[in-house]
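This report concerns only the one structure given below.
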Amino acid sequence: MSIVRILSAVALLIFVASKVSAQTPPGESTWASEWGADDERGAANRITPRKVLEATRLIKEGRIYELGRDYEAGMPLFPGRHYSLTIPGSPTGGPIGSNDVVWHDEMVSGQIGQVGTQFDGLGHVGTRVDGEDVFYNGFKRSEFGTSGGLNKLGVEKAGVFVTRGVLIDVAGYKGVERLPVGTVITTADLQDALRQQSVELSEGDVVLIHTGHGALWMVDNEEYNRGAPGIGMEAALWLAEQKVAMTGADTWPLEVIPSEDAEVAFPVHQELIARRGIYNLENLDLSEVAADKVYEFAFMFAPVKFKGATGSPGNPIAIK
Amino acid sequence: MSIVRILSAVALLIFVASKVSAQTPPGESTWASEWGADDERGAANRITPRKVLEATRLIKEGRIYELGRDYEAGMPLFPGRHYSLTIPGSPTGGPIGSNDVVWHDEMVSGQIGQVGTQFDGLGHVGTRVDGEDVFYNGFKRSEFGTSGGLNKLGVEKAGVFVTRGVLIDVAGYKGVERLPVGTVITTADLQDALRQQSVELSEGDVVLIHTGHGALWMVDNEEYNRGAPGIGMEAALWLAEQKVAMTGADTWPLEVIPSEDAEVAFPVHQELIARRGIYNLENLDLSEVAADKVYEFAFMFAPVKFKGATGSPGNPIAIK
Amino acid sequence: MSIVRILSAVALLIFVASKVSAQTPPGESTWASEWGADDERGAANRITPRKVLEATRLIKEGRIYELGRDYEAGMPLFPGRHYSLTIPGSPTGGPIGSNDVVWHDEMVSGQIGQVGTQFDGLGHVGTRVDGEDVFYNGFKRSEFGTSGGLNKLGVEKAGVFVTRGVLIDVAGYKGVERLPVGTVITTADLQDALRQQSVELSEGDVVLIHTGHGALWMVDNEEYNRGAPGIGMEAALWLAEQKVAMTGADTWPLEVIPSEDAEVAFPVHQELIARRGIYNLENLDLSEVAADKVYEFAFMFAPVKFKGATGSPGNPIAIK
Amino acid sequence: MSIVRILSAVALLIFVASKVSAQTPPGESTWASEWGADDERGAANRITPRKVLEATRLIKEGRIYELGRDYEAGMPLFPGRHYSLTIPGSPTGGPIGSNDVVWHDEMVSGQIGQVGTQFDGLGHVGTRVDGEDVFYNGFKRSEFGTSGGLNKLGVEKAGVFVTRGVLIDVAGYKGVERLPVGTVITTADLQDALRQQSVELSEGDVVLIHTGHGALWMVDNEEYNRGAPGIGMEAALWLAEQKVAMTGADTWPLEVIPSEDAEVAFPVHQELIARRGIYNLENLDLSEVAADKVYEFAFMFAPVKFKGATGSPGNPIAIK
C-alpha cells in the first residue's frame, strides 16, 4: 500500500472540496430527532424487546458467522490514523509467587473506534452551520465536545444491537465478484437484489451490503483505500425510509467514493448518521455470509463502552 | 484512590511472594489440552451450535442487560496500566466539501485488553517452568511471544461466546450487599446458591459470580483495588469439572485476593486459564441481573479481534 | 498522591472560575509582537550570536548540571495527563543474523510536551476573546489549530536556547528549605535575592527560580501537586521588562498557585507566554545549582522538534 | 514510500539472516567495560570537564546549527514503528477563570526514542549468547529488562554530551551530492576526508558523517529506507580506536546497509554500542554544516531522561 499515494489522493479531494463554497442548503430535513429533544441514541431506539425476539427466532442452526476483521499492523487505514499493538516485556509480569505465575498484557494505541472493523456512533459526523458544528439531534460541538471525550452522543449511550440482520448481496445480484471502485449502488439495485433474495426490510433491521470490495483487504490495500463502491444518496434515503437501525458494508466508507458529486464530501455519512441517527459499520468481512447465501439472520453487536468516544472496534456477528 | 498505596500493597505482595522459592509442584494436571496438541481455543470449543440453540431458547422477553462498564478516566486499574482517551482537534477533521462535513475520532492508548471490563484470553497467564514460560496447551513463550503480538493463543482465535449464562449470586445467597475483601467463596457456597436459585450448570456455560464488590467501582476505588472476595482453588476446580467455557465476576481478579495461601500468586488464573483453557471476564457490572434475579440467560460476548492480544475490552450482555 | 483529591480540587477551581464572568479586560498590552506580524518565535529572538558568546564566556570549569528530571511512572502529573513507557517484547527484535543481534526500543505515550520537566512553547496558552482563542502575536486557533498539530507556533519553530542563565534562589534568600504552597514571590523578592547574589539580569537571559518546592517531587506528590509557591503578576511583569527569553522554576506552574486572585486562572502563563512570547520551563531540578550557589551560567536547552507541538520534554543544562 | 515493500525487504533480510547459523565468534573483544564492572555510561565517560572546555573554545561566532529533524507524520520509520501526535480538543482546556485562559497540550505515541532523529543508548542493542541477551558491559537482559523499562543502561544514565564535534564530509570529499545506498565507507575514506579538512580526531569527540543520503528525507522515503551508505566494520573499529564518544550520520543506520556480509545484521551497532559503549545518532540533518564547511564545532546534546528507555529524541546542535 502506498500511504503517500493515498494521502495525495485524499489531500486532493480535500483541496478540491474545500475550494467549493458551501452551496448545499441543509434542505428540509431538520436536525430534530424523532425521539425527542434529549435523545442521544437515534435509531438504536428501534431495537425493542420485540425486535430482539424477532431476531432470536431467526436462529435455527446455531451457526455463528464472525463479520469482524482482525486488527493488525498493515491493515488499511484512513489517512492520519494509526493502530499499534505491542506486548510489553519478557514477559510483561512475573514470575511471582511460589507458583511462578507470569503474565502478558498489551499496549495499544490508535484511533481505536475508527480503525479496522469500526462502528460509527452519533458523535462521529456532523455539519458546520454558521460557524458551529452541529451533530445528531442538533447537539452543538461547542456544548458537548471536550478534549477528553464527548459529553453527548458518546458511544456508551448507543446500547446493544441485537436485531434482525439482512444481507443485500449486490455483487451477487449483479453477477460479479467485486463491484469496481466508484460504482454507485442505487435504490433499484437494493430492491432488485432483495427481491431476488426473497427478503424484505423491516423497521429496526441492520442492513449489510456485500460489494465484494472486501476481497482487497490485506491483498491490495492501495486499491482498497483508493475508493469504494457503495450506496449513493438516493439509496441512503430509501434505507432511511425503511427505518433501519444500522447500515454496514465490506468497504471502508459504506457510501460510494468518489462521491456522486465531487464537490460533496461523505454526504451519506452526514445524512444517515447526523440527521437520521442511523449507525454504520465499516470494514466488515461479508464474504462468508454471502457465499452461504445467509440473507436474514440474528445480528449482534455490542459497542465497547469507551466513554465519550465516537465509535468502537468489535466483532459483529450473524447467527442463523 | 491512592495509587501510591495500591502500588505499595502490590509491591509488598510481589516482594513477599518472590522471596518464596517455588514449592508448588505443577501437580498431576498436565499441560496438554483435551482438544488436541494444536488447539488454541480451549474451552471455547464447548460453544457448539447446539449450545447456541440452548442459549437462544432462554430468550423469552427480549430484554438485554449490559454487563460491561464504561471505560473512563479514573476507573480502577491494575498497577502500571493506564487508559487514555482524547478527541483530537476542533473538530478532528473538516469542514470539507460544499456540505461542510466535520468529523471526530478518538485517540486511545492503554493496555486495552486488560483494563476496565476485560476478557482474559489464553495468552494472558502462564507459568515459568525450568526457565521457560509455559502457557495453555504447553505453548512456550519463547516460541510464540513477539514484541508485536502473540503468534499463538491470540485473542482473535477465541471466537465468539454465544452460550447459556448462569449468574451465581453468592452475595444474595449470603444475604449481604457485599462480600468483604478476602472472602473465600467455596464449592459449597456455589452449590448452595445454585440450589437456592434452582439452577444447574451444564457444559459450555458461562458462569458469572455476583459478590457485590462491584458496588465499589468509581465509588471507593481504593477499597475496590485493595483486594476482592472471590473463588478459591477448590471452587475453581469444581467449576472446571463442570466444564464451563468461561468464568466472570464483578471484581477485578475473579479469584479471592489476598490469596488463600499468601505465597501463591493468582493460582486460580493459572489453573483455569493456563491449564484448563477456561476464559475469564473481570470488572463486570452484575448489579442489575442480580437485582432482577436473572439467574439463567442467553450470554453473548464477541472479543475484539486485536491480533496477537492477550485480552479484549467489550460489553458482554445477558438476554432474557 | 491522591489523583482523586487533585482532580476534585481542580474541578472545584474550574467550577468556581467558570462561574465568574470575564471581568478582566485584556488591558493595554496589545497582542502584537515586537518582532513583527509574522513572528512565531517570540523571545527566542533575543538569543543572538552575541548572546551565545556571552553565555559561552561563563564556562570556566566545564562542569555540567542537569536540570531535567527523569520521566517515570508515578511522577506528579497535571490532572488528565498520563505518561507511559513500556519495552515491547523479549527482546523487541532479534536475534537475527549470524551475529545474533538483538534490540530493544520503547513504546511511549502521553502528553509528552507537557509532562515531567516541560517546556511551554507559544502554542500552549492563549485567551478566549469574543469566541475566538487568541495566542501569541494574535494568531487565532481557528486559523492554525488542527487535530494533527499546530500550523503556527509549533515548538519546532522555537529554535535552540543557548544563552546566559541566572538562578534566583528565593528560598535561599529567605533562609528556608522550601517556600510553602501559595507563597507569592514579589519583584522585591527577586531584586533582593539578585542583589544578595551580586547578579544582574540582562536581555535574553533565562531566569530560573529556586523555591525548594522541587524537594517534594516523588517524595510527597500530593503536596507537590496541590499548588506551588511562585511569582505573582507583579514579578512576572518585572521579568518581562527585563526582556528575559525564558523563565523556569522547580515547580509545576512557575506562577503561584492558588493564584493571587482566585477568580483568575494561570494569569502569569497568559501574560508571559501569550502576550510577551516568553517561554517557560517547569518541573526543573534546581537543588544542585542552588546548593553550589551557581547563580550565573551557560544555559542550554534544545526543544525536541515535535512538529506542531505545544511543548517539549528535555534535559536543560547549566554549565559553569 | 511503500511500507509493504520495505517490510518485505526487511522480512526477506530477516528470513535469510535467520537461516544462517551463528558462525561469527564473539571474537577477542571481551564484554567487559574499560570503565569498570558497574559502568553503565560507556564512552560518555570521555566527556570530562576538560573536554567541555575544549568544546567551548571552538565557539567563535555564536552561530548555532540545528542537526535534528522535525518529527512529523510521514517521516521515514523503521518497519513496525510509529509516530503519532494529535492535539486533543478544541482547545484542550479552558476557557476558565475571569481571564478566559485556554490551553493546548499534545498526545504523542510511538517508539519515541527510536524514531526520527534518534539517539541510541546502551540498552538498545545486544547479542544473544548461549540463550542469554548480553548488552554493554556484560549486563544480561534477564537481569535488567522489565516491561516498564530497563533497570540497567537506561538512557537517563548517559548524561549530557557537550564536547568537540567533528564533521567528516565523505560525500564532499568524494565530490558527490549523495553516496548511493550500499556504499561502504572505509577507514581510508575517513582519514583522507579528515586530511582534506585539516582536522584530526581526539578522544571524546562526537564524529558525524555526512553522506548526502539525508537529502532523501521526506523527498524519497522509499529510497531513504531501502538502505544507506555508511561505515563498514573496518571504519567502525578505527573510530573506536580513536576513542570517540559518539558517532552519527545523516542516515537511519549509520552503518552501511545492506551489510558488507549479507549474513550479518547490524554488526557496527553491535560492535560500537554493545561492546565499546559508543553512542550513536541517526537521521541527522547535516546539510547545513556540510555546506558551510563547519568541520569542527562545539557539539551539544542532552538526551531526554525517559527512565529505562533505550534511546531519546532530540535536537543535537553544533555551535561555531
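Miscellaneous remarks
Every chain is named by a letter (A, B, C and D) in the order it is written, and numbering of its residues begins at 1.
Heads up, the rule we're going with is that contacts are C-beta pairs under 8 Å (C-beta built on N, C-alpha and C of every residue); 3 or more make two chains touch, one makes a residue touch a chain.
Since the structure is predicted, the reported quantities are computational estimates derived from the model, not experimental observations.
Any chain bridging chain C and chain D, meaning touching each of them, is among A, B; the list is complete.
When the CA atoms of chain A are superposed on chain B, the rotation angle comes to 180 degrees, reported as a multiple of 5. Rounded to a whole number, the gap between the C-alpha centres of chain A and chain B is 28 angstrom.
Distance from the chain B centre to the chain D centre is 43 Å, each centre being the mean of its Cα atoms.
For chain D, the set of residues that touch two or more other chains comprises 73, 80, 84, 86-91, 107, 109-110, 141, 145-148. Note for the complex: chain C touches chain A at residues 80, 84, 86-91, 107, 109, 147-148.
Those residues of chain D that touch chain C in the shared complex are 13-14, 17-18, 20-24, 48-53, 56, 59, 61-64, 66, 68-73, 81, 85-87, 90-91, 94-114, 117, 123-129, 133, 141, 145-150, 156, 159-160, 162, 261, 263-267, 269-270, 298, 300-311, 313-317, 319. Of all residues in chain A, only 1-4, 7, 73-74, 80, 82, 84, 88-93, 109-110, 141, 145-148, 221 touch chain D in the complex they form.
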